[in-house]
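Scrolling down, you'll hit the structures one after another.
Shared between the two complexes below is chain A, which pairs with chain B and chain C, respectively.
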Partner chain A sequence: MKRLRFNQQEIVFAVFAMLFVAFSIFLRGFLTPENMLTLLQNVAVLGILGLAMAIVVIGRGIDISLIAALAVPPGLVLQMVQNGHSLPASLLTAVLLTIAFGLVNGWLIAYAEVPSLFATLATGLLLAGLGQAALFQLDVVQWSDGMKGFERLGQGTILGIPTSIVMFAIACLVVAFLLRQTRWGAYIYAIGDNPYAARVTGIPSRPIIVLQYVVAALIGCFAGLVMAASVNSMPTRIFNSTLIYDVILVVVLGGIGLSGGRGGVLNVVIGTLLIGTMLNGMTIMDISYAGQNLVKGVVLLLAVITDSFLNPRNEETAQQGDI
Partner chain B sequence: MRDTLTSLRYRYWPDHLLGEILSKRWTETAIPVILLLIVGFALSRSIDHFLSPASLADTARQAGEIGFIGLGMALVVIVGGIDLSVGSIFALTDFCALYLLDVLNWPVPAVVVATLACGALLGAVNGVLIGYLRLRAFITTLITLIIYRSAFDLLIQRYSNAIAAAFPDIPSWNFIGGGDVFGVPSVALVYIAIAIFGHIFMTRLRPGWHITAIGGSRRSAYNSGIPVRRTIALCYVASGVLTSIAALFFAARLGTVGGDIGVGLEVIVLTATVLGGITLGGGKGSVAKSLVGVLIVLLITNGLTTLNARGGINRMALAGILLVAAMVDIRWQKNRTRIISKVYVAPTYHALPPPPATEIGQGGPFEQNDKLRDVELIGLGRIEAPEDVILDRNNNLYAGSRHGDIMRFFAPDYQRMEVFAHIGGQPLGMAFDRQDNLYVCIGGMGLYRITPDGTVEKATDETNRSMHSVNDDSRLRLADDLDITDDGLIFFSEATVRYEMDEWPIDGLEARGNGRIICYDTKTGATHTALRGLKFPNGICVASDGVSILFAETFGCSIKRLWFAGPKKGQVEVVMDNLPGYPDNINLASDGNYWLALVGMRSPSLDLAWKMPGFRRRMAKRVPVDEWLFPNINTGCVVKFNEQGKILESFWDLRGENHPMITSMREHRGYLYLGGIMNNRIGRYKLTNADPNFVQYDKRWGKLS
Partner chain C sequence: MKYAVRTAKVIAAALGLAAIAAPALAQQGLDEPFQKPFKESLAGKTVAYVPVAMNFDLTEGWYAGMKKELEPYGVKFEIRDPNWNTNAGAQAVTSLISEKPAVMVIHNPDVQTYAKLLQRAENEGIYVIQINMGSAYRSSAFVGANWIEIGEKDTEAVVKACQGKSNKIAVVQGALSAAASAYTLKGVENVLAKHPEIKVVSSQAADWDAAKAKAITQTVLKQNPDLCGIVGFWDGMDIGTAAAVKEAGLTGKVFVATSGGGERKGACELVKSGAFDLNLSYDVPTQAAQMAGTIKWLLSSGAKAGSIKGSEYTTLIPITKENADSQTACWNLSDLKK
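Coming up: the complex of A and B.
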């Protein structure tokens, strides 16, 4: 008799399917075309962020500063355009800021050897503080006339599909290409699997780690632009929200182990769908924001516990101070 | 001129202190303390009334509250984890206290107990997840942070109005919130009590040591039988309890439950912890470090608030400090030993005139010959590293060995060999006392006494600590050679106080006066340092007048004489200087003169290098140890000299096969016995015109047979 074995991806997909069916049956207004589009639009940004996080997590790191990268550089674009600069110049400045930010993250983690959780926690605060103190005049940066046309990045449809979903799909393809088809992607997997072995093999692990954080920050910035375009403003206070936990939830639930070296874009898509369905269902059920957070926290905790059983930490390569 | 300047610079500038200070454990606490003083000074200059009693009491209240959380964080960081949920636990336990007091009207003691229990429970959740289920501390506490925070949000939606409406006026509650004893706030008193207990707990009690051990290496701790999982879990419980104590004081002080209570608290506490020098990843930390870190962070944040800085600047400052502190800490932990080993070696200026000639045909007392060519060999291949040799009146031969034993070869043929005594450290110089006890200097251990039946007793292993030495020099690191006076004083040399025995060539490279002569009184058992600042003092022999000793300074290339009694007491006189080699042991000869071993000959390159301290420092920093320029000990000789400093005779082994390198020699009944610390043999050389009945210590103690 063949033994029944499921990997995490299949389990999550099954949970997603069951949840979807249950919501469709029991929740009025869940299975409507409008709600489905809202659901997908809501999770598109989350999904893009999940891709950024996935790259870092596969390389055995974590990036808590993604929300800062999401909020500050796009906020800077809006602010600069508001102040009369041209859109391309503003975009260029934002991208340069993002790259610099990613380089700082990567340098701290790869060269200064600060643990990634810790480094990104602090750099995220730093960037958010910089935005708050020096870049933005108001907490919510408003859309201005100079941005005309740019809102198409997050609004409207392309071939009948909402643009934000198309953007998510494009991001998925780019990241999948990077991870699966390029040598750098293979290096990221190798580093995540066993950093010491990767280093001994001659893989330039430090530059690759820096690259991970730069790419992650760029994707975060892209997600922020899509988000700003879809709501016509940049609420920079989003940094204080719990969005980053949703992103971690997407990655961990999707089956990308925190110990690195496993998973891919498909896992992010599945995780995003599950979280999207869950959040959407809870919104329809009119659960308060705090209540939703509570549920999310508990689900994330269960996911992390499951993850620790499915992908146990490798005690041989786990180093002291790897908290 | 240039040499004079160099000599002055190296004589008066204490180069060696940097390495010694850095290798002290307390430097890691000293740096945050200095930072604290700088911050305090800067802020007191820029803000009025910063140091007024009212302001200080206010700071003390906040410091106490954050200090409790800091202690909890320190504990979990030392055990190798992290607790990000403290901010939310703080909020929840604050709510718990106020809810019980204001809404349920519980009595204050019950509120206190219930709040602490609540904190313990919330911490226990973390503890079970991280300790028993072995989840990652960072991600787990990040999740409990969000869960606790949402629970708090849900609770205050329902009860904040009820709590805000109540104004409890209970004296004991008010005392917790705002009371003081002689001006010291209540919270500070409790903090001090808990901090003192915490210090004793971490440094003196078994569980504290377990915590440090687990943080240092979890696997080793597990293998040595420490209950790793339970200890880790309990640390998180303790963190929860400490946080709830802070919340109690906060609740009693302000009595409100705003939505943003405790938001971002974890970053403040974490910054404080890292800034205080508690190493992320565990294994190192103390209560003092935690307190210093909390004070620095509090002064900075309060200072910025008083200076009306924008919220973003506050945040950036905190994050910036956090990053820099973490980076410095991580780099320092990683490179500490390397940095110390680079700066520890501090060469100094040491000039010697050109050495006297030793070549054949040049004449002079050191002219080489081949007298030692045909010495008889004892124990060839059976003994290792006999630094010193000695014979008793029955002609048995004693020698130290590298394995920590004193070996005995039996007369008359010295074929039979036994372990006379096992000591455990390498025996160096030896001497018999009046009662036939054998006193031995043991490298790394001190001065030991071996009774005639082979019992080993410690004579001394410490001396008085010098007042202005950074290194603790009370322990003996390299006792080298000794002799015993008529009054039972044992004078022995300690070659260096800065290096271990195996690092002796580095002391030669440094050429600093690191050695000393120590006196042990066999009557009182007291030990004191007789003379300091010697360049590798080595051989010691009591001179003929009985109130002075002759001693060799190996890297000083000289023999000096120290009067320890009589009219010239305390004076030091040079007997011979500018020897062509490095003098080692000195022993009495049968004709009243002295034997001296030259362990190695000087070379022009090291003589030159000794005049160039900068060159040697660069070498120590840039070149691996095994390629440093070291004193040559490949060849040496034995010479006989008199108290006037005249060399009478010299003995060489030109072939360099049997005894190229000699550290000691002992005359006995017409023979000279030779030992060498690198040799695997003892030599026996027939002396002409020597007293055939001479037994050194029998003559010394007047027991002529």
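Coming up: the complex of A and C.
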């Protein structure tokens, strides 16, 4: 008899589908077009960050500094405009800062061979500290008149769809194209699957690793701009929050193994949908904060336990560095 | 009778003499006996300031205001920034106790963590002034907002705005662990107990985070498009609440009440733009001046630390469309730092 086998992506999708159906039946006001859009809108920034993390994790790394890239360069844009600089100049400065940050991350990991977990942990603290000490006057950088028009990146709708969802969709398409249609994308998978084999076959693995971190930082900065536009300010203190765990959660829950080389944009979308559905349903039910954490924890535990029960690890596939 | 006349003459003469002598006395000057001991009691003293974190309008404003008032008198101003880390804050307070500053100005992250430490500090002879967030221990002075009053006033305004409407309101709380949030919620409950017709459709914590506040408010508004008011717990977070109301096209229909330190960009400008309908300000420069005044009074009184205990609750400034344009309703951090 052939044993039924599911991978994590299918399990998570099944959990998502079950939750979705249950909410649709039992929760009045859940299954309406407006609420569906709200659901997506609320997790759009998380989804965009998930894409950035996915690129790095597929290449067998991890980027803890993503929230710093989300908070500091967009915060710098708002601060510079507030101080009287023009919006294009501020944006250019922020993008250059982001690229420089990605290059530092990539260099540390690819050339200095510092493990990505520690390298990005340190650089993230560095960038956030730099922002707090030298760039921002206050933790929350407010919107100013010079930013007028830019809030459309995160507010309002395009063809009836909230802009932040459109931004998530665009980011999905760009990342999917990068990963599936370009040679660089193929290299990222190869490096994630087996870095030594990749190097032996002549793939320029070090520059590709640098590229991963630069792209991730740029996507992080983009997510930050969408977020700032959507709440009309940049709460740079978000660096101290637990958002990075949610991002890792989206990626891992979606089925992109931390051991690298597997998964894609679809996994991020599924992971994001599951989180979004849970959050939205619990907000409608007005569940208390503690209750929400409890439910989140239980669902995640269930997903992970089911996965390890159905797909037990073995010595051959397990790799050093698995978390 | 004669005697009386003579007495009157003497008095008149004495007055005349005094009139001649008075200018001479004024030229010599008169020593005011209390200013010198006052100056001596301040000079060279250390005031240590432990906020929950720097880099936000409240703590930066208090710092700038106190510094401006006290440094000219030779007071040394020290700052310990735990950056939202309660453990780091407790360590800072502990090490300060052994360093023995004259005064500690403490912004508590919660009711319990510092309470025992502050008692120890006062036993060691250090005056402790608690600001805006008190602890379970009552020290020499408390200067700050009355959160219960803020909750009550915000809710009263929302209830009033709801008259004749759906009577459905939402509450966007701060972080559950913060006493400021819990106290404000108590104020909300106090008012709601008097108004059973009001229905709270959502009361959730957004962790002082604008993005979370926006997400919650969006969902609530989709479920209850006839919502008539929202009680928010901090203007820095309720930017998100207001953004959700604006996106739903309900600005002006949903009454948004919140509170904060009254910094111009975070308070007046947002009231002017229609994002907030009411922002209760606990005017930070006034609070800073009261803190500095309390420090001056305590140091010059010579009273034993902990032997007298009092409170100065801040008189709130309600910022609405009417006064948001005025120069005095809000303050600029840049001016305070000058």
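We take it that the second predicted complex is superposed on the first by the 273 of 323 C-alpha atoms of A that agree within 3 Å, B and C clash if a C-alpha of one lies under 4 Å from a C-alpha of the other, contacts with A are read in each partner's own complex, and residues count from 1 in each chain.
In this text, a contact is a pair of C-beta atoms (placed from the backbone, for glycine too) under 8 Å apart; a residue touches a chain by one contact, two chains touch by 3 or more.
Note that this is a predicted model, so its numbers are computed, not measured.
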Would you sort A:Tyr245 into first (chain B), second (chain C), both or neither based on which partner it touches?
first
Look at A:Leu117 in the shared chain and tell me whether it touches chain B only, chain C only, both, or neither; answer first, second, both or neither.
first
Answer with first, second, both or neither: which of chain B and chain C does A:Ala290 touch in the superposed model?
both
Looking at A:Val95, would you say it contacts chain B, chain C, both, or neither? Reply first, second, both or neither.
neither
Who does A:Leu301 touch here: chain B (first), chain C (second), both, or neither?
first
Examine A:Gly29 and indicate which partner it touches, taking first as chain B and second as chain C; both and neither are also allowed.
second
For A:Ser230 in the superposed arrangement: first (chain B), second (chain C), both or neither?
second
Let me test your reading of the model: by the given contact rule, A:Gln132 touches which partner, first (chain B), second (chain C), both or neither?
both
Is it chain B or chain C that touches the larger share of residues in chain A?
B
Residues of chain A that sit at the chain B interface in one complex and at the chain C interface in the other, please.
132, 240, 288-290
Tell me, which parts of chain C touch chain A in their complex?
53, 55-57, 60, 83-84, 176, 201-205, 207, 209-211, 214-216, 218-220, 222-223, 236, 239-240, 242-243, 246-247, 265-266, 269, 275, 333
What residues on chain B touch chain A, complex-wise?
80-82, 129, 133-140, 142-144, 146-147, 149-151, 153-154, 157, 217-219, 263, 267, 279-283, 310-320, 322-323, 326-327, 330-331, 334
For chain A, which residues are in contact with chain C within the complex?
29, 32, 34-35, 38-39, 41-42, 45, 132, 136-140, 142, 144, 155-156, 162, 227, 230-233, 235, 237-238, 240-241, 279-280, 283-284, 286, 288-290
Which residues of chain A touch chain B in their complex?
62, 108, 112-115, 117-119, 121-126, 128-134, 240, 242, 245, 248, 258, 288-294, 296-298, 300-301, 304-305, 308, 313, 315, 320-323
